[in-house]
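The structure follows.
Naming follows writing order (A, B, C, D and E), and every chain is counted from residue 1.
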Amino acid sequence: MVIVLVLQILFVTLLSCLVGLFLIGLSRKMTARIHWRYGPPLSQPFIDIVKWFSQTAVSHGKLFDAGMIFSLTGSVVVVLFLPFGGICPLRGSGGLLVILYLMLIAPLGIALSAGEAANPYASIGVSRKLQLAFGYELSLLMILLSLMTYYRTVSIVDIVEAQIQSGWSLVQLPLVVSGLAYLLIMPAIMGIRPFEMIQAPQEISSGPMAEYGGKFLAFATLQHALNIYIGLSLFVNLFLGGGSNAGYFLIKLLLAFMVFQVIHAVWPRFRIEQAVRCLWRWPALLAFIGLIIVWVTTS
Amino acid sequence: MNFLSEYTYYIGAFSLIIIGLYIILVKKNLMKVIIGFSIFDTGIYLFLIAVGYLREGTAPVFSKPGLDAGKMVDPVPQALVLTAIVIGVAVLALAVILAIKIYAHYGTLNLRKIKEQRW
Amino acid sequence: MKLEILLAVVFGGSLLTYLLGKISKRARDILAILVLLAATAGIASLYGRSSTAILCTGFLDFPLVLRIHPFAWIFALTIAVVGLCAVIFSWHYIRKKGRTDFFYFMMLLVISSMIGIVLSGDFLSFYIFWEIMSWSTFLLISYNREEAIAAGMKYIVMSVAGSLVMLVGMISLYTQTGTLVFEGITRNLNSASSGYLQFILILFFVAFGIKNAIWPLHVWLPPAHSEAPSPFSSVLSGILIKIGTFGFILLIYGIVQVQVFVNLGHALFNVRNLLLLLGAVTILLPTFIALLQDDAKRLLAWSTVAQAGYMILGIAYGTSESLSGGTLHFFNHALFKSLLFMVVGAVEFRTNGVRDLNSLGGLIKKMPVTFAAGLIGVCGLIGVPLTNGFVSKWLIYHTLIVNHSPFLAFVALLGTWGTILYSYKLIHHIFLGQLPRKYEQLNAAPVSMKVPMIFLSLAVVVFGVLPGLPLHVINLSEIGFGMEPLAINMWGVVTGSGTIQMLNIATALTLGGIVLWLFFRMGRKNTRADQLDNYAAGAPVPADRYQYSVKFYDPLTSMIAPYLKDTADNFYSALARGIRNVGNGIRRIYTGDVGNYVMYIILFLAILIFIQLYWKVW
Amino acid sequence: MVNPVLFIVVPLGLAFAIPLLKYISKKIIRFVPALAFLFNLIFALRLIPVVMDHQVHVQIGGFIPPLGINLVAGPVGMLFVVLIALVGFLVSIYAFHPIKEKDEDRYHILYMLQLTGATGVVLTGDIFNLFVFFEILCLASYSLVAYLGNRAGIESAVKYLIQGSLGSGLILIGIGLLYGQFGTLNMADIAGRIHSVQSISVYVPLVLFITGFGVEAALFPLNAWLPDAHSSAPSTISAVLSGIAIEVGLYAVLRVVFTLFGITHMMGLFLLLGVLTLLIGELCAFSQDNIKRMLAFSSIGQIGLLVFAFSLASTLGIAGGFFQLISHTLGKALLFLAAGYMIAHTGSMEIASFQGMGKRMPFTSLAFTIGAFSMVGLPPFMGFPGKFMILKAALHDGQMLTLILLVFILIATVIEGAYFFRVVQVLYFAGEDLPDRERAPVAFSRFVPMFLFTGLIIVLGIYPSLITDLLDASALELLDRPDFIKSIIP
Amino acid sequence: MRKLISIILLGMVATGLFMSISQIPFGEPGERIGDHFINQGVNETGATNIVAAVVVSYRGFDTLGEVSVLFTAAMGLGAVIGLVRRKKTHTPIEPASLIVYTGCRFLFPVILLVGTYIVIHGHLTPGGGFQGGAVIASAFLLMYLGCRGKRIRENLSRGLESLGGLLFILLGVTGLVIGRDFLFSFLPEGEAGNLISAGIIPLIYMAVGLKVGSELTGIIDHLIEDTDELPE
């Protein structure tokens, strides 16, 4: 039984990294296509990671490395809690709340290592990253709470099974508003345009990634990939029924990603105060109304 | 009408008391206030004596053998007044000395000006 | 170890420390630590036992009773442990300052009076120890002279007001039930009307609310904690605030019985909802005010106010899970908050008095151990999974969501995210970023400070990974209160609608970490770069040292700052000014002119006569 | 067991003897007051167990009560005699050190006469005799307030004299009216006949007495003299004034209200008066910056609290009132002595000038702090049981008016806490930190009284039951009039 | 404004007082302790002057209080004036005219004699310690007015003063010593009317006369000294 668990864990982690990197490559390819140019090959992210690993990186101290490892571990562990189609390795040990908390390890890890790098630009980037995270957390919390109140449970696996019987929660009457709100904040969670001011290549000099090179850049990209995967998988599991087996799950994932990728390709990048103001205006209002609807209907 | 004739002494005593109080309340000069006090005290003594008075009563002293005890005035208020007068003297003496000292310090006896100890 | 011997040891010890201090400073420090060690051992030996002891037969013909039960045991042990760490911490910290005997005497007096409160079995001894704690805290808060005086004054005025309200409540309970002993009150309180119960709850709510710094009554806490000497502010913040929580639990669960409390009074406007609402506000507002602070200890003080809100939520909610969440959060908060204050204290000690976040930075190079302790403390504060804060917060969220009050849960979760922001700000401004030139020769924190820090950080992690230890004792106390305990095992909580198993999370994180660390070492060896050799993407590298700390979360903070003016504080200072003006006005009655004074006498006489003539009072 | 008359006669005799003793040697005069009050203290303490079960009556001159003057040494009387003797003895030790450099015999005589007057007021059972001893107390207080001879002292003395003698005049009118109606001067006798007469003619003497004694007992509108008198008198005298003189005035009001007239249904009026005095005293004290004026206003406040406690007219209330009275006397005497010693050291009465006294005069500041904490009513000290009993009585009383007034009392106590703690902070924490060595030596004669006061406050704070049974007996004596009357006029 | 208020207040006080005295009949013989003193006063105390009997024996304690009030006033005066030593050199004052000088020298012993007579016969004829003492003091006042510059010796008056007080207290205490009450008249009443009668009343009155005389003189002496150094 333990071997099955270990296999599942390996399978889920590897697959999620692959899916994440593939999606980054796909997004580059799609943006290029929309911009009427060919764009780099789909496997470009994999090539980059291999290249970065072969370079010698510059490190600023033990916490600089530990912070990066800590953040990637956080993301990897979150993936284990998310059901991948039918498989959810750490099913019984804590539901959405644990996922929420584990999701904050990643930004914290990067913040610590960027802080250690003692580069003022990196600190500016970190403060922006945390502000953005706080921006979308406001609505994300309300959405998750409305879901949990609606399904009367904390664990994500129960929510997926409930959706299998009674259909996608996106279409359930009381959850539509929350679903809409979630759609609005998805770009911020995944860190793609219009909320790309942290990961964006142009912002590299004043983002948290300022001091990262070689291995660290590889880890950062992996962490970004996992982040995209987590955002999407949360959306799919909570609102689109999560897929009875891995295949359905991946298709839904891809479709959802395609929708946001189109927005990513054409939208400009917000400044941080525009981003926070935008996140706190409409999505927060929708999420709040959603929560009230759910609260009223299920009391 | 008999009220006035019956209580003339009391009315006299109380008017002295009220006059004394009026002086204390209204006057600015410290010496006048002290005089007001002596009037106030005299009024009280008169009232005390009036309480003990008996119509056509004689002084309670058996100087001659043949005096009738029934007609004598009540001696107790007189004893009280004796004590009260001496207390009045003592207080007035102290008041006068303090007035002198006030004049030595402030150069004036006007109570409206002696206001350093306030609030 | 009998209860009254324990109290005698602790109180006698504090007096002895003061006297010994006159002879030799070192002996006094050692004695202080021994006294607290003895207290911790004594309390630990009382584990699981619930017994009563008579302290003194008749104080104004009221018996003074002492009582130990599992619930009081947790509080007593936390007080003793955190007190011990604080005293060890102050070994070096206080040496150079003046009046050290006074400091140790007051410190031990505060700790012993807190233990007294927790062990008291009746309201009178509870009140006596409560007052001793208040005035000894007052003397300690104003220890640091200049601004500490205003902070001390604000503290003592509010705590005297609070304890007077409690005294009135206590005596009205006596008139109602005829006794002051807790068991007696619970026995014959059921006859009381619900209106009377609500009145009593409001009174005690004000008294405990002031000590527990609930939102409108929290005004004294930020200045008090930031001005008090650091070892004391870790005691003050760690456990003294929780005496209010202890009072709440004692009142709601011990005396008024929770099922009575829950459905007391009107459906919507009852004491429980008021408490919950204020608890929520206490979480939200202070968290974001903490974000705006630039002084390290003031930031931590505001964070204490916020964390106290979690406990109030836990306690006031009424289910056994929420109670265990609240109590566990008390226990965890005591650990990591006193740890954080010690970290800030160590930094303040080394940089002799610098607490301003904007003028520190990059101290990780110079004080690595303090940084590590600070990091663990911050993770505990946030509730990062491997630390103890996570379990208690999870319990509170879980009860709130399952029992269908999502808005409270939303406020609590938002509070957690606010905590993340200001904790990172604390860690970043002090330890990360560029080291200012003047701190280049800074050396690490002295050993006497490192020991308690390491001990507390270990405790934070151990109880994070093994929450079963404290939860087991909390279950014992819940049985004591007549509530069904929580289904727990060594690694976590197993409830019907959602379980957490720290074992899985811990192994997942550690294994993932090790694998990734190996993956990380697989590549080429990194070259170390000096701290100041930074990449500026072509822009000219600034010559001297820059630390990005002023207006750290600027767009966000400037957006929420207008809503965060501390209205309660303005209200109280306006009240104080009003009383002062009234005082000034009234003393004008004594005009100094004898004529007026004599007029007053005759006026008094005339009024009395007028009353008789007009109303025939006689 | 000693004859209570001696408590008055011995100090009086010694006071008369001092001018003669001057011929023998100037030095021993300083010890005479201490000797007298030590005598009083010892024998009064021996008399208390006797008094607990039956009142001791003494006829003067061998004539039975309504004719001659009689002394009534009941629990209340002895409680006050012990208090006066104790405070008198300790303060006289404090006064071994001369106040003004010139010879002190007049000071010691006046001091003894003041306390003899107080003892006389407390023991006598005859209203005119009460008036005479009251007059001795007031006259000695006027001259002692003016003793320093400085500008403030003389002004306060004059004002105090004018208001005091106005009050005495009113009392004399009251005595005249009572004698006119009942033809007797003995309190018990009058008490027995009081209800046989139509109301208005008994009400006016009552009001006159309350106003007259109220001036000395510092009720609200009548206490304008107190702040000036207490702040300009020498500190030993303000300690005695605050500790004993106003309490004796209050005793006189109580004796008149409870025993002589026995009114129990007009108590609402006195409740209001008490709380009014309390609020005004505390508010004025809050905005003072001269330490002795602040303590004087705090005395007014405490008297308000006592009036509130006594006008609850229940055994609990009166026993609590007496306990708070004792705690106020001891506490306030300690505060004035400590403040006086500090003023002597710094030279100015401003609170701001006391910065850093915690270092220079550690023991005096500790004594002051303990006194302040006891006044505010913090547990280990004597103030707490006092306040506790008063609150218990008020809540036991349960009427709406009492509960509303209770709120005001709490506010006043908080204000009182505010200004006392402000001074404590100035003592210990204000100003820059002085080095430890700069410590002023404590004179022996200043150390003993402060040490004993502090000790008493702490012991009675921890074991209040030492004196509670005496207090209950005195509450009973005040409350049931008929038994008091029967025991004197058989 | 102040006048108006005081008139209103005093009017209220006056109405109160007048209402109260309606119960006290003026001149009618109500039952009072005074009647007992008049009827049994002579044979109980042996003094024909009942007022003296009341003042000294029945209400002796009042008189003791009385004397100590006067003593307090004297001491208070001394304290307030604060004069320690009599300054020898003070501004020369022109001597009184010859007639006044010789007149007062002649009258001084006569007034003294009258004063002592009043003191000694206190219990027989109206008068007594206080009145006699006042007369004696007026003799000394006459001396001060008449022949300026003459002063009684300071500590003599004070010595006499305290002697009188002590005598009074000793008389009282002897009552206690012999087992009876304080101020009990242990001497025989003797036959009413002649000099040596009425128990200890004459002794007390002599002590009081001595005390009051020396005290009032002391007060006058203080007042006169004090006026010398007043600023012109």
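Everything below uses one rule, namely that contacts are C-beta pairs under 8 Å (C-beta built on N, C-alpha and C of every residue); 3 or more make two chains touch, one makes a residue touch a chain.
Predicted model, so just to flag it, every value in this text is computed and none were measured.
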| item | value |
| --- | --- |
| Partner chains that chain B and chain D have in common | C, E |
| Chains contacting each of chain B and chain E, listed by label | C, D |
| Remotest chain, chain A as reference, centres from CA atoms | E |
| Pair joined by the larger number of C-beta contacts - A-C, B-C | A-C |
| Length of the line joining the C-alpha centres of chain D and chain E, rounded to whole Å | 31 |
| Approximate Å spacing (C-alpha centroids) for the pair chain A, chain D | 79 |
| Between chain E and chain A, distance of the C-alpha-averaged centres to the nearest whole Å | 108 |
| Averaged-CA centre spacing for the pair chain D and chain C, given as whole angstrom | 44 |
| Shared-contact residues (touching 2 or more other chains) in chain C | 587, 590, 592, 594-595, 598-599, 602-603, 605, 609, 612-613 |
| Per-residue multi-chain contacts in chain E, two or more chains | 2, 6, 9-10, 13, 16-17, 19, 21, 24, 32-34, 37, 58-59, 62, 65-66, 69, 72-73, 76-77, 80 |
| Which chain pairs touch, all of them | A-C, B-C, B-D, B-E, C-D, C-E, D-E |
| Residues on chain D engaged by chain C in the complex (per definition of touch) | 158-159, 162-163, 166-167, 170, 199-200, 202-204, 207-208, 210-211, 214-215, 219, 221-222, 224-225, 227-228, 263, 266, 269, 280, 283-288, 297, 373, 376, 378-380, 384-385, 387-389, 391-392, 395-396, 398, 406, 410, 413-415, 417-418, 421-422, 425, 428-433, 436, 463-465, 468 |
| Chain E-touching residues of chain B, taken from the complex the two chains share | 6-7, 9-10, 14, 17-18, 21-22, 25-26, 50-55, 59-63, 69-70, 72, 74-79, 82-83, 86-87, 89-91, 93-94, 96-98, 100-101, 103-104 |
| List of chain B residues in touch with chain D within their complex | 17, 21, 24, 30, 33, 37, 40-41, 44, 47-48, 51-52, 76-77, 80, 83-84, 87, 90-91, 94-95, 98-99, 101-102, 105-106, 114, 116-118 |
| Sites on chain E touched by chain D in the complex | 16-17, 19-24, 30-34, 36-37, 44, 57-62, 64-66, 68-69, 71-73, 75-80, 82, 84, 155, 158-159, 161-163, 165-166, 169, 172-173, 175-176, 180-185 |
| Chain A to chain C touching residues, read off their complex | 53-61, 63, 65, 68-70, 72-74, 76-77, 80, 90, 92-95, 97-98, 100-102, 104-105, 108, 111-112, 115-121, 123-124, 126-127, 130-131, 133-135, 137-138, 141-142, 145-146, 148-149, 152-155, 204-206, 210-211, 213-215, 219, 272-273, 276-277, 291, 294-295, 298-299 |
